[in-house]
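Two complexes come next, and they have one chain in common, subunit A, joined by subunit B in the first and subunit C in the second.
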Partner chain A sequence: MSASVIIFYILSAIVLGSGILAVTNSKIFRAAVFLLFSLMGVAGLYFYLNNNFIAAVQMVVYVGGIVVLIIFSIFLTQASGSDMAKPNMGRAFFSALSVIIGLMFTLLFIGEQKFISTTNPSIEPEVKNIGRQMLSTTEHGFVLPFELVSMLLLAAMIGCIVIAIKRPITHLKEN
Partner chain B sequence: MKEIGLEHILVVSAILFFIGVYGFMTRRNMITMLMSVELILNSVNLNFIAFNKYLYADKLDGIFFTLFIITIAAAEAAVAIAIIINLYRNYKSIDIEDADIMKY
Partner chain C sequence: MNTIFLYSLAGLATLIHNWLGKFISSELGLHILELAIIGLSLIVFLVLLCFFLGYMERRVAAFMEIRLGPNRVGPQGTLQIVADTVKLLFKEGLTPNSSDKFLFNLAPFIMVIASMMAIAPIAFAKDFQIYDINIGVLYVSAISSISVLGILMAGWSSNNKYSLLGAMRSGAQIVSYELSVGLSLISIVILSGSLSLGDIVLSQQNGWWLFKGHIPILISFVIFIIASTAEINRAPFDLAEADQELTGGFNTEYSGMKFAMFLLSEYINLFIVSAIAATLFLGGWMPFHIGGGPSSFNHIMDLIPSSIWFLGKTFTIIFIIMWFRWTFPRLRVDQLLNLEWKYLLPISMVNIIIVTLIAIMGWHF
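Let's turn to the complex of A and B:
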C-alpha cells in the first residue's frame, strides 16, 4: 500500500467522520466546528487531485467565509452551549433507511458503470490556464457566466442587507 | 493495493451527499439544515473535479462549474443567514416548526 493511497484514506476518513458528526451532534456549535473540519478535508482532497487553485478557493470561501458566517449567526441566535432537541425516533429511523437505500443504489451504479477516459492531451489545471479560459471571449470562454455570476453575487449581497437590516421602531409603529 | 481511481472519489462523494441528505431530513434547526446543504454542495463539487481530472483531462469545464457552484453557494448562504436572522427577530426561534405564518 503506497503513501498516496494511505493519504487518500486518511482524508476520506476526516471528511466522512466529521461530516457524520456535523449532522448528528446535538450541540450546534460543535456541529459547526465539525463542518469546518469536513470542508477542510474536502480541500485536502482537492490538493490530492492536483487542483491547487480550487483547493485554495475552497479554503478561502468555505472555511474562511461561510463557516465563519454560520458561527456568527449561531452566536447571534442560539444559546450555543445548550443541547438541541433530539430528532424524534420515527423520523430519524425512516431518514436513515431512505438514505441507506439511496446510497446502496448509487454505489451499485458506480460499481457497474464503465468509465472511459479521454485520450486527448491533458491541460494542467493551473491558475494561468483557468484564468485565460475563464476570461476569454472566444468559443470556449466563460466570460458571460463569469459576469452573470458576479451580478448574482452583487444582487445577493444587496438583498442580504435589505432583508437583515433593522428597521427603526417608529417605522414599525406607523404600520 | 491498486491506485486511487475515479470510483474511490465517487464513493466518498456519494457517502458525503447522503450524510448531507440525512442531516437535512432529521434536523429541525435552520442553521444546521443550512450546514447539511453545504455538505451536499461540496459532494457535488468533488464529483465535478474528479470527473474533470480522470475522464476529461483535456478540458477545464469541471473546474469552471465548481467555481460557479462555490460562488452561488456563498450567495445562497448569505441570503439564507439574512433570512434566519430576520426570522429570529420576529419569532425568537429558528426552529422550522415555529415559523408557520405562511402555512395556513
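Let's turn to the complex of A and C:
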C-alpha cells in the first residue's frame, strides 16, 4: 500500500467516523463539532485530489460559514447543555430504512457510472481561469448557474432584511 | 533587475537538503524527515516569537503610558517573559467540574493548530516559503476562519455565563469583519492577478502596491488593518475578552498551559495578520526602491537581506497594532457592528469597483 492510499483511508475514516459521531451524539453542540470535523475531512479530500481552490472554498463556506451559523442557532434556541431525548422506535426504524434505501441508490448509480480517465491536463486554478469559467457564455461556461445563484442569494438577503427590519411603531399612538 | 542577496535563507535550506541527501537515499524518508524538521523549527520559531511579542507588548504598553514596564528580571526585563512561562507551566490546568470536558480540552488545540496552519504560505525571505500554495490568500482566510470555532467551543464548554457571552460577541465580530478583510485582500488580488503569495510579492518588484495602487489601495490597507485587528480580537476590539466586563471572556475558566495556548495563538495570529499586510501591501521581502532615483541608493537597499526586510515590515505593523491598543477606548457592541456594516463594508465595496477600474485601465504604475 502506497503512502497516498494510506492518506486516503485516513481522510475517509475521519469523514465517516465523525459523521457517524455527529449523528449518534446526544449533545447537540458536540454533534455540531463532529459535523465540523467531517466537513474538514472533506476539505482534506479535496486537498488530497490536488484541488486546492475547491478545498479552500469548502473551508470558507462550510467550516467558517455554515457550522458557525449552526452553532449560533444552537446557542440562541436550544437548551444546548442537556441531552436530547432518545428517538422512539418507529422513527428510528423509518430513518434507518430511508438511509439504507439512499445508500442502495447511491451504490447503484456508482456501479453504473463509467469513470472515464482523461489525459487532458487539468486547468490551473488561477484567478483568470476561474473568472473566465465563471462568466463565459460558451458551452462549458457557468454564467447561467452563477447568475441564478446570485439572484437566489439576493432574494434571500432581501427576505432577511424584511424580516429583521424595525417598523416604526405607529399604532400605539392611536390608542 | 539584478539583485544581490548576501545572506539568503534559501541557500541555507538547499544546503540542509543536500547534506541530508547524502545520508538518506529513499525519497519518501527524506521527505518525511524534512517535513519533521520544518515542523519542529516552525514550532520553535513561533514560541520564540511569542516570547518576543510578549516582551514587546509590555514594553510598548509601558512606553505609551510613560512608564518603564518590566525591568527587573534579566537585563532590561528581557527574562520576565521566561519567568511568566515557567509560572504558567507549573500551574495546574484546571477543568471545571460542570464543563463539557472533551470540548473544553479540545478548544485550545484547535486555536493553536488553526494559527500555525496559516503560516504555511507566508514568504519569510526570497525563495524561502514552506508551501507556495497557488491559492495562498484564499488559503489563509479559509484557515483563519477555523479559529472562531475554537473560541465558540471554549466559551460554550466552560459552562460559564461570561465565557458564553464573550464567545458570542467574538463570533459575531469575527464573522462580520471577515467580509472587510476579504474585500481588502481582493483589491490586491485584482491588481496582481494572482492568489499565490509568492507571485504577489514578485509583482511588487518595481514598487510596493501601497505606492503603486494610488489612494484606493491606501484605503484598503487602512481597512485591512482595522478589520484584521478586530478579527484577532485585539483592543480596541477586544470585546470577546473585555477584562472589565467579562473577566476575561471566553478564556475565563482556563488556567496553566491551556491558557498559555490561547495566548500563543493570539500572538501567532497577530504575526500572521501583520505578515499578510506586509506581503500584500508593503512588498514582502522586496527591498525599498525609488523608481527614477539614484541607482546607488537602490543598490544599497539590495544589500540588506530579504528576511530583514520582511521582518522589519512585519514588526512595524505589529507595533502599529500594539499602538492602537493603548490609544483607542474599547468599542461597544453596537458601535462595533455599526462600524463594520455601515462604514467599512460599503467603503470597501465602492473601493473594489475603483480598484477594478484602475486595473482595467492600467492606471497603476
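The rule we apply is simple: the second predicted complex is superposed on the first by the 126 of 175 C-alpha atoms of A that agree within 3 Å, B and C clash if a C-alpha of one lies under 4 Å from a C-alpha of the other, contacts with A are read in each partner's own complex, and residues count from 1 in each chain.
Methods note: contacts are C-beta pairs under 8 Å (C-beta built on N, C-alpha and C of every residue); 3 or more make two chains touch, one makes a residue touch a chain.
Here the structure is a predicted model, which means the values were calculated and not measured.
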| item | value |
| --- | --- |
| Subunit B versus subunit C as contact partner of A:116, first or second or both or neither | first |
| Contacts of A:12 with subunit B and subunit C, given as first, second, both or neither | first |
| Which of subunit B and subunit C A:29 touches, first, second, both or neither | second |
| Partner chain(s) touched by A:96 [first = subunit B, second = subunit C, both, neither] | first |
| Partner chain(s) touched by A:159 [first = subunit B, second = subunit C, both, neither] | first |
| First, second, both or neither for A:52, with subunit B first and subunit C second | second |
| First (subunit B), second (subunit C), both or neither touched by A:128 | second |
| Residue contacts on subunit A - larger count, subunit B or subunit C | B |
| Set intersection of subunit A contacts, subunit C complex versus subunit B complex | 53, 57, 65, 125 |
| Subunit B residues within the subunit A interface of the complex | 1, 3-4, 6-12, 14-23, 25-29, 31-32, 34-36, 38-39, 42, 45-46, 49-50, 52-60, 63-64, 66-68, 70-79, 81-86, 88-89, 94-95 |
| Subunit A - residues contacting subunit B, complex | 1-2, 4-5, 8, 12, 15-16, 19-20, 22-24, 28, 31-32, 35, 38-39, 42, 45-46, 49-51, 53-54, 57-58, 61-62, 65-66, 69-70, 73-74, 76-78, 84-85, 87, 91-92, 95-96, 98-100, 102-103, 106-107, 110-111, 115-118, 120-123, 125, 129-130, 133-134, 142, 145, 149, 152-153, 156-157, 159-161, 163-164, 166 |
| Of all residues in subunit C, those that touch subunit A in their complex | 28, 100, 102-103, 106, 133-135, 138-139, 141-143, 145-146, 148-149, 152-153, 156-157, 159, 164, 168, 171, 175, 178, 189, 193-195 |
| Residues of subunit A defined as touching subunit C within the complex | 3, 27, 29-30, 33, 36, 40, 52-53, 55-57, 59-60, 63-65, 67-68, 71-72, 75, 80-81, 124-128 |
